[in-house]
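Following this line, the structures themselves.
Next, two complexes with chain A in common: one pairs it with chain B, the other with chain C.
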Partner chain A sequence: MNFKQKYVFLFPGLFVLIGILIFPIIFVVRLSLSGWNSYNGLNFIGLENYIRLFTDDPRFWESFFRLSFLSVTTVILQYVIGFALAHMVWKDIKFQRFFRVLFLIPMMTTPVIMTVIWRTFFHESLGPVNDILSNFGMSPKWLTDPVLAKVTVIIVEVWQWTPFMFLLLLAGLLSLPKEPFLAAAIDGASPVRKFLYVTFPLMAPISIGAIIIRLIEASKIMDTVYVLTSGGPGTSTETSSFYIFIKGLREFQMGYAASMSFTYLIIMIISLTVIAKVLTKLMLKD
Partner chain B sequence: MKIIKTCLTAVISSVLMFSPMAYADKWGDQFPHIKATGDIAGDCSYEEMSKKNYKGKTLKINTHAVPVIGQPTALHAEQFAKLTGAKVDVTHTPAGDLYAKAMVPFKAGQAPYDIVFGFSNFINDWKRYLAPVPKKYMNSTEMKDVTKSHIGVSSWDGTMYQYPVDGDRHYLKYRKDVIDNPEMQKKYKADTGKELRVPRTWKEYGEMAKYFNGWDWDGDGEKEYGSAEVMKKDDLMFAAFFSRSVAYAKNPRTPGGFFFDLDTMKPNINNPGFVEALGDWVEATKYVPPGGINFGLGDEIGSFGGGQTLFSFSWDDAFIAAMQDDSPIKNKVGAAPLPGADRVWNRTSNSWENQYNQAPYIVWGWAVGVAKKSKVKDMAFDYLCFFSNGANHQADLAIGNFGVNPFKNSDFDPNIYINTMGWDADIANSYTKTLLDMEKSKNRVFPLRVPGVFEFTSAVATGTSKALAGQLSPQEALDEVAKEWEAIVQRVGKKAVQDAYAVGVKMEDNKL
Partner chain C sequence: MGKLYKFLKYFFITFWAVFVVAPFLWALTTSFKDFNSVNGGATYIPWVDFEPKLEGWRVLIKSPANGGVDIIEPYFNSLFVTCTASLISIVLGTLSAYALSRFTFKAGFVKNNDITFFFISQRIMPPIVLSIPFFLFLGAINLLDSLIGLIVVYIVLLMPIAVWIMVDFFNKVPREIDETALIDGCNPYQAFFKVVLPNSIPGLIVAGMFCIIFGWIDFFFAFILTFTEVQLLPVKIVALNSSITPWWSLSASALVSVAPLIIVAFIVERYLSKGNLSGAIK
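Let's turn to the complex of A and B:
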């Protein structure tokens, strides 16, 4: 095979890469330097959008910090619950297969449809949750109280995506070597010590991978917010991606939305790299 | 001679009397939707459409999600296809995405849809990409019946770009069985010292709504509440806010702009009139049903239409839903103009005028246009003309969640509602009178129709929702909106916004 033919075989992959990754990023950068909206075309306006973003748009930064809070909280909860469930069905228990499938069901459902169902559950006057709680004299404002609305978003996200964490962690547990556990058993280690000094350290590399994947996904949270609260009440559940959606596809400020998207991408690359390093340092210190 | 004349008259009368009936039955049998009226003669009637042949052609429509406007679009598409042989593809899109779904391909020079549904306030942004309505349709029998204000709403500087299929305005809906009930009136008087009547002002509205909030006043075993309103952020809430603002901020003695001062383009949105209205609205969060500050239009329709609240105000849909045969409160509701205020802000003298003021808000209706780049424009306009023909329109009006509301002069005849929909005569009369009075009013507010309109309304939704959630005070929230509006005017270009806004101001100042 001569040198040129190799390039011919490379071309389809390269073409797809350029088409679906390189071109959109370059286009977003170009778009972010324009004032493209419903009344202007792809005119070049330099760094105007970025200057506006960094000096005159506190809403973007508020939504970013809100997103950070929501994604970190949901991922921690997903990790803890997912690990507990995976640990439970890793052992020989009755109906092990049934539970393994049962815990995966939320992830198999369509997020938007499930969020609509959750919205119905949490509906403050017609929903079953408050109907039950009213028997105990409680009627929480699940969707209209700024703090509780965040809790509701977290509940839905944790319900939907804990199975993903469960799946990865269960796969990790099943692939662990048996020897360290046998050694711990011979030494007479209690179940807690076995978990803390054997299972958890051995699971660290998989845990870091699972947490990072979920953090990337959680930082794009959009459908849950869109369906459940529309970012409200006020702006109390508005996240970066939802805010970018409003600016870009509701208000049609495409140029400005592109500058927010690109800034957000850079921030996410940096922050996730730092988080991965910190996690590696913390969890793999030995 | 006399006998011949009598016989001839009888024969002609019979022909005139019975042929339309036979004609009506023919189409009414095939299309159950128009069973009540049968076909109604006109340029775009079933009879006329059946003469067209669009076999082999495809019409692509982007419309709203089912049911509001999406359902009638799909239904009439199916009927149109049956009559003409055309293939009609209907895509349903959520309300918030209608603008962008058309705008993105428009900006890219494409026309994936021949017909695009949206709101009439999109007109300024969309008109460059829409084909003007041809003369043939402008002169059609159907179009001649459209009210002057809805011709205005669908047109830009005399050219019609949006085909009228719906007519919207906000008005007050109330529970007649409570407000007109002598026992309730006595109880209310005894408890509050005030008269129970159709509220004349927003303050009265609030007092009554608060009084009737959270107890079972209709004896159905369920708690009822004061008011159902569209308060969900980004779900048309800005329109509800403007409805509450017009009484305080639309002063007939200060022409030249409700939203902006037309001369300077300084926003009026944070003047004391608007702030007072937002203060009332924040107060309203105390008398809406649980979860009411997250109510979108669908929730509002369901809440009032299902008998959960005393009051509601917005489009016709909640009223029509309440008057449908399956409604628990059929013939128990009334229509009235939006409440007014005992004082109105004068932005010229910068002071309150202590006199009663009321102003109708015409809002906007569903609007629809044909893409300039469409290759089947004739078929597209035929479809739209058929959509709103006499028979379809009357049948659509009777279905609350269809979202089709009166916009033709003939719609204001109360007999339509009494005879074909089974409404009580006094309700039908109050309904048509309310709508007709809005048409005649000289103090109306029309929707903001300027370039980048979505940026302006989105800023209002964000600001007011922050006030409703208690994140900001009404004044702080509207100051934030005003600042954003000023920035948008700068970004879009003051002249462009001013020129476009001048057209709307002309309508409001009764100069167009």
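Let's turn to the complex of A and C:
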């Protein structure tokens, strides 16, 4: 179909989005090439910010690797658990709808507000976790130990976002065609073989989509960290976004923060594209 | 095999259900505690471990002058911003999605899929990248710390979701429906509003739900772009957390704040089971 009216449908949305976004993006690039202070505004300093970023700021790169570690770990855990849960409530289970609703609930709750609760939950002397662990003579410092703080962030992120993975994968499972399963049943395939040779390959495209979507969202981890540990202890849970936030909107080094956020955006686009390509190759090779 | 698998299955499901419920139960019990039952170490069962008090819930309706937590105004702010931004995103997103699903666009090397990808790819944008220019721009036009400023920003967050879900949905609505309407003498607008749209209500509801979820749970932009004039709920609760608000009123406010969207879980599950969400990510 082709009508002149098609533009009336497309353009309002497209132009509103472009209109809101175009100036901020151009401005980030311009700002990243500038020094900035509130007295005389922008002054052009060329690539100075980028040179500083690439040669003289290990903290940014550390925060970036920490972010990669945290997001990849949480997404893998979410995928494995989410797939297991989705497969389990897919069929043949009592209270099916109850469990489906229950497993969706965490993603409906505001992450920072739940994190406020998690903070009391993991409190070193007054929280229930350490109350139970103290019976075994343990009292881990969930929020102030550099390694455990990462574990806590991962636990909270997995609690919060496994439901999203679960939702996408369950929607996928429910849309699978019936014939391959009938064929497998006729061949007398065991449940394990059925999963490995029928369900999993059929789910591969959906899995890739779900993992990529979650990686995109996980790469933004920041508010959970802000509330849970404020990046601490030291910088041990600081992610890229959080570091840029500190530089830009706490220390007001706007120009430098802009150069970091632009670099960060480019790295995100490149790495997500590469991950998508690799995953597609790995999971669709048969 | 069968028995062991079944045992493991129910074991794992029970384990996860407990994990999901745990923070809610903890917050619920904490909200009925007072100073002694919080600071004496963890307690769990009301009447047995501690004497329940209603102080935590009372502060919700008290005025701030009397030590209330003052979350009623942020509550309505959040509701207003989320609903307005969702509505605008759904309207604009649905129109664009319909165009991308039914008509062919071509401008140089840019085709339909590229435009769709442009919409959806806005989700890749890390919020921090936009936050600095938005902070300066909204400051320049006096919209910093205002509801309108936030709504504008939230449209960027939500429209990609609306387009993503609706393009997929329209692709599944048979083209014959519009074609018949056009042959019967409708113009394209009438075909869309009178025939296609009424057949797309499940898709609109699902898209609406997702916009509301992702609008309601956002903290980052509200945190950076508002200060004192306007406060959204998540920012308010976090502010309570960093002041010395006692755990019982903190828990009660947190529970009240996350409660409304739990209804959304039921709606999403209903549409999920009907198969209306399938294929959205293929």
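The rule we apply is simple: the second predicted complex is superposed on the first by the 269 of 286 C-alpha atoms of A that agree within 3 Å, B and C clash if a C-alpha of one lies under 4 Å from a C-alpha of the other, contacts with A are read in each partner's own complex, and residues count from 1 in each chain.
The criterion applied here is as follows: a contact is a pair of C-beta atoms (placed from the backbone, for glycine too) under 8 Å apart; a residue touches a chain by one contact, two chains touch by 3 or more.
Computed from a predicted structure; not experimentally measured.
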{"item": "Touched partner set for A:Gln5, first chain B, second chain C, both or neither", "value": "second"}
{"item": "First (chain B), second (chain C), both or neither touched by A:Met107", "value": "second"}
{"item": "Contacts of A:Lys141 with chain B and chain C, given as first, second, both or neither", "value": "first"}
{"item": "Partner chain in contact with A:Gly35 - chain B first, chain C second, else both or neither", "value": "first"}
{"item": "Which partner reaches more residues of chain A (counting touched residues only), chain B or chain C", "value": "C"}
{"item": "Touching partner for A:Phe252 - first (chain B), second (chain C), both, neither", "value": "first"}
{"item": "Which of chain B and chain C A:Ser236 touches, first, second, both or neither", "value": "first"}
{"item": "Contacts of A:Ser125 with chain B and chain C, given as first, second, both or neither", "value": "both"}
{"item": "Set intersection of chain A contacts, chain C complex versus chain B complex", "value": "125-126, 130, 249"}
{"item": "Contact set on chain A toward chain C in their complex", "value": "1-3, 5-10, 12-14, 16-17, 20-21, 23-25, 27-28, 31, 81, 84-85, 88-89, 93, 97, 99-114, 116-121, 125-128, 130-131, 159, 167-168, 170-172, 174-175, 190-191, 205-206, 209-210, 213, 216-217, 219-220, 222-223, 226-227, 240-241, 244-245, 248-249, 254, 257-258, 261-262, 264-265, 268-269, 272"}
{"item": "Chain A-touching residues of chain B, taken from the complex the two chains share", "value": "96-97, 99-100, 103, 107, 125, 232-235, 289-294, 308, 451-452, 454-455, 458, 462, 465-472, 487, 491-493, 496"}
{"item": "Sites on chain C touched by chain A in the complex", "value": "1, 5, 9, 12-13, 16-17, 19-23, 26-27, 30, 38-39, 41-42, 44, 92-93, 95-96, 98-100, 102-105, 115, 119, 122-137, 152-153, 155-156, 159, 163, 175, 178-179, 182, 187-189, 192, 213, 216-217, 219-220, 223-224, 233-234, 237-238, 240-241, 247, 250-251, 254, 257-258, 261-262, 264-266, 268-269, 272-273, 275, 277-282"}
{"item": "Residue ranges of chain A touching chain B (in the complex, touch as defined)", "value": "35-39, 41, 56, 59, 123-126, 130, 139, 141-144, 146, 229-236, 246, 249-253"}
